[in-house]
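A short write-up of the structure that comes next.
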Amino acid sequence: MSADFQLAEGSLDALFAAMTAAGRRIVGPRASDGRVEIGEVRSAGELARDGRHSVASAKVAAFPRVEKILSYRAEGRELAVEDPALPARPTVLFGLTPCEARGFGALSAILNWGTPDRFFNARLEQTTVVAIACTRSDEACFCTAVGGGPDHPGGSDLLLHPLTGGGYEVEVLTEKGRALVALAADRFQPPEGTARTAPAQVEAGFQMAEVTAKLPRRFDEPIWTEQSLRCLGCGACAYVCPTCACFDIQDEADARGGVRLRCWDSCAFRIFTLHASGHNPREKQGERWRQRLYHKFSYMPERLGVLGCVGCGKCSRACPVDMDLKEHLTEIAKGS
Amino acid sequence: MDELRDKARELLQAGTVKVVIGHAAPSAGRRRPVFVRTPADAARLVHDEGCWHNLATYLTRPQVRRLGKPAIVASPQVLRAMLQLGAERQLAEDEAVALAVGNASSIRVLPTLSAVEEHLATVPDELGAAERAELERLSALPPAERRAFWEEQLGRCLKCYACRASCPMCYCERCTMDCNRPQWVPVASHALGNLEYHLVRAMHLAGRCVQCGTCGKACPVGIPVHLLTLFAEGTVRRHFGQRGGASARPEYALSTFRPDDKETFIR
Amino acid sequence: MEPTPTRAEPSNGTGTFQPKITAFVCNWCTYAGADLTGTSRIKYQSNVRVIRLPCTGRIDFMLLLKAFARGSDGIIVSGCHPNDCHYTSGNYHARRRWIVFRDLLEFTGIDLRRVTFAWVSAAEGAKWAELVDEVTNRVRELGPYREYQALLGAGIE
Amino acid sequence: MAGATVRATEAPVPVAAQANVFRPYRMRIAQATDEAPGVRTFRLEFVDPGEGAAFSFRTGQFGLYSAFGAGESTFCIASPPTRQGYIECTFREMGRVTSALADCEVGDLIGFRGPYGNTFPIDHWKGKSLLFVAGGIALPPLRSVIWNCLDLRDLFRDVTVVYGARTVNDLVYKRELSEWGERKDMKLLVTVDPGGETPDWKGKIGFVPHVVEALAPPSENTVAVVCGPPIMIKLTLPVLSGLGFEKDAIYTTLENRMKCGLGKCGRCNTGRSYVCKDGPVYTLSELEELPAEY
């Protein structure tokens, strides 16, 4: 919580210039057509800093929608197989919410379980996360119920606390953060103790411990069918989720060679578990919805030691039919 | 609103239907589909401008079908989707009761597809002004700019299939996107995979699209995908004089022809 | 798909761009017509790869997209004249789909100068030669379809 | 159940030194055998002898086989680890990848990555009798463990195999079945569903559960391994229970859809279990703790 530096509002542009000069790609929330997207940001002015949440997640920086994991060339009957070069694209994720920053921890737990995932790790290693503490929340937010908070430092390399009079106090949390500060050291001044803007109030309305305690015995209850009646079975929730990591592997090739791609996938899709024989272990939408919840709130904590959720509310905001995760979790917690 | 709730309550009380598919308002700015199964619950129903989902999508959903006979709060686009589902033999004549809402003040209870068709004959079927203007704007652009527009828009597509999932006419149990022998369209959401997906979607809806625009509103990242289906549907209407959702008779412009169909480009 | 790095632009050795044209033709009219072109010893440009299908009604619009994705610079789609379909009405059905698809391609900014639809009968060997020459010349003028090729590999990290 | 809780930790290996876990071995098809309509067996040899020498697996494990250009598909390793220098797989032509594989011929290259998953605990079976029950295309997972045990025959007491298919034509490994049939140190019962027999069929006629029931193998000090279509498993389990088999003495393998084999892609997750890591081999008592999502 204590600040290491203070960064004046007017210094942001200089910091951006220094990061760019150092070869860093800067990615962050930016306003576009009335919504907030995650995309490349060239100057501080392009950053969306009005407290609105981006629809999509910044996870793309380390876990892109589509990435090459293998390439191969046919040479007659022979075949040459090659590993793609490790991605080299130093990136600063600037202005993420603390929830998004925390999301990388859960992603890493999934992708590095058992065997390290060199593609994810290479991208993450080159990514510096600068989060800005939230001063506004909305109906979908419940970070405080899942161990996070509007100014939670988890997953951030630098955490910026907005000051009432503009500018930020800066918490340096990692070596990566320190290296970023060094790029524009003269802009990072000693903190003056200026008042911070109060962090957002996030009323979760339920206790996560109650959810985790109740899930194991509610598996066969009708609640899953009931909650998912309106679920359309699209993948919007999974694709905007900072911690969803399910993927598909697809070959694309012509006669001469091809690539093997890892692309996002979602447990909400009927074909996710569909066998070629036609048998489907999770045929009903209610079963797929249940899997989504159990995976995040029961199986992951048990197996990987982390929750598969940071309470950011992106899934609820992205859902075309208003499947509200906070509301659903509250209902689960209240049940017997 | 009271009338809608009364009608829904009556239908449930009389046992005419087991569920009323409508909208609820969990908070001021939000609208969501809701499945009302008890007369008391009918009080949750709302209908206003914010209710943009084409609820007819749920008429073919297995989890909703299991609930029993439905009544459905029906804007003109929902009614059109019902007729198109009827035309495609996905909805029988008296399988669902429509509670027609619209500009007209009172709720009309339409128990059959014939009644729906009769009612719709009195409702103008016109594209919204905003959509029309946007289609015209894009059509007037130089081709390179139109290409750039769609490249940028479709480049953002996550392939979450919210457009497909929310469309009342996308009821296929096994969508061509999910078939892999052959793998017509790449699974990945890269530039080519996205372009091909959206062209296929528009082609498969041409002549069947009821022009509700739900697909565009469902898109989490705000791609105006509905413009593609609206455009293709517009071509069908202009050239062949048939429109999706006009009747429950099985007439599909692209499964028939006229020897004198006019074109200007075949050598 | 990866743009295949080895793909050199076809050349006739004089440095002139040689476009790759893919023709989707029906078995009964256009394919026979193209055959007649050959047996009549009518010379025409050799840039076209002919893909024979039973009927124009069987030519899925996806095939056109696949042809572009696999590096075609231009496409010909051709079959029996109206009233002459071996299966009575396949070409009428195809015509409706072409009308819709062509409009949609134009709306998404795909270069329509690279897509040519035609009726070529089994007796029109000369028309086939003219058509191929005309399309080849036009596409040669346009150059390689770089805009479409640029989509390949785009969006893959 | 296997698979303790794993805490997320920083990757101990520097990223640049981390292997590409998706990179398959290149394998050459040394032998291809048509087993039954649509069912083929490949014997695969490592193109790189060094990789072959370093490779080892245990019975019950599986891998992902790639037809380059079509993708990867999951099957068990159907050969026993006691036969070295090659692995074998048997698959039915069902989808995009298996059709592409079926089109391959001897000499062609395909990919293999693995081995993945747990194993049949044959070390714990020493001194016990073994009963193998298989149906249809589910013999391949058992073939590995059957051969493994036959190659170490002295370690076990009685070995019995009951195998059934819909028709005579659908029986796989026909040559091996006749070899097993002639062996004196094991008992083999092959059966086909009523109506699936040919005029010269000398085996049994009847459904697998009935054949097991009639055979009434003693359960004492015996391990049963059951693999087959869901309906066969469902009807065989009560028969085994009736014969006195304990739930911990009955094993089966699951075949959930998989993409990665590494516990990451999410497909095979069933309850707290990841079939690709904690399975594919489960005892009946382990299976009963999982939701029926397989």
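We just call them A, B, C and D in the order they show up, numbering each chain from 1.
Criterion: a residue touches a chain if its C-beta (ideal position, glycine included) is under 8 Å from a C-beta of that chain, and two chains touch if they have at least 3 such contacts.
The structure presented is a predicted model; accordingly, all values stated were derived computationally and were not measured.
Taking A-B and A-C together, the pair of chains sharing more C-beta contacts is A-B.
Mean C-alpha position of subunit A lies 32 Å from that of subunit B. In this assembly, the C-alpha centroid of subunit A lies 45 Å from the C-alpha centroid of subunit C.
With centres defined as mean CA coordinates, subunit D is found 49 Å away from subunit C. Contact of a single residue of subunit A with at least two other chains is seen at positions 65-66, 248, 250, 252-254, 258, 261.
Listed for subunit D are residues 95, each touching two or more other chains.
Counting partner chains per residue, subunit B shows two or more touched chains at residues 186, 188-190, 193. Touching pairs of chains, sorted by label, consist of A-B, A-C, A-D, B-C, B-D. By the touch criterion stated above, subunit A contacts subunit B in their complex at residues 33-35, 37, 55-56, 65-66, 139, 225, 228-230, 232-236, 238-240, 248, 250, 252, 261, 263-264, 266, 269-271, 284-286, 318-322, 324, 327.
Taken in their complex, subunit C has these residues touching subunit B: 1, 61-62, 65-66, 69, 82-83, 89, 92-93, 95-111, 116-119, 131, 147, 151-156.
Put simply, subunit C touches subunit A in their complex at residues 1-2, 4, 6, 70, 155-157. Against subunit C, in their complex, subunit A makes its touches with residues 64-68, 71, 87, 252-254, 256-259, 261. Residue ranges of subunit A in contact with subunit D, taken from their complex: 69-70, 72, 74, 77-79, 81, 83, 86, 105, 108-118, 121-122, 125, 219, 245-251, 253-254, 258, 260, 262, 265, 267, 272-277, 279, 281-282, 287, 291, 294-295, 298-299, 302-306.
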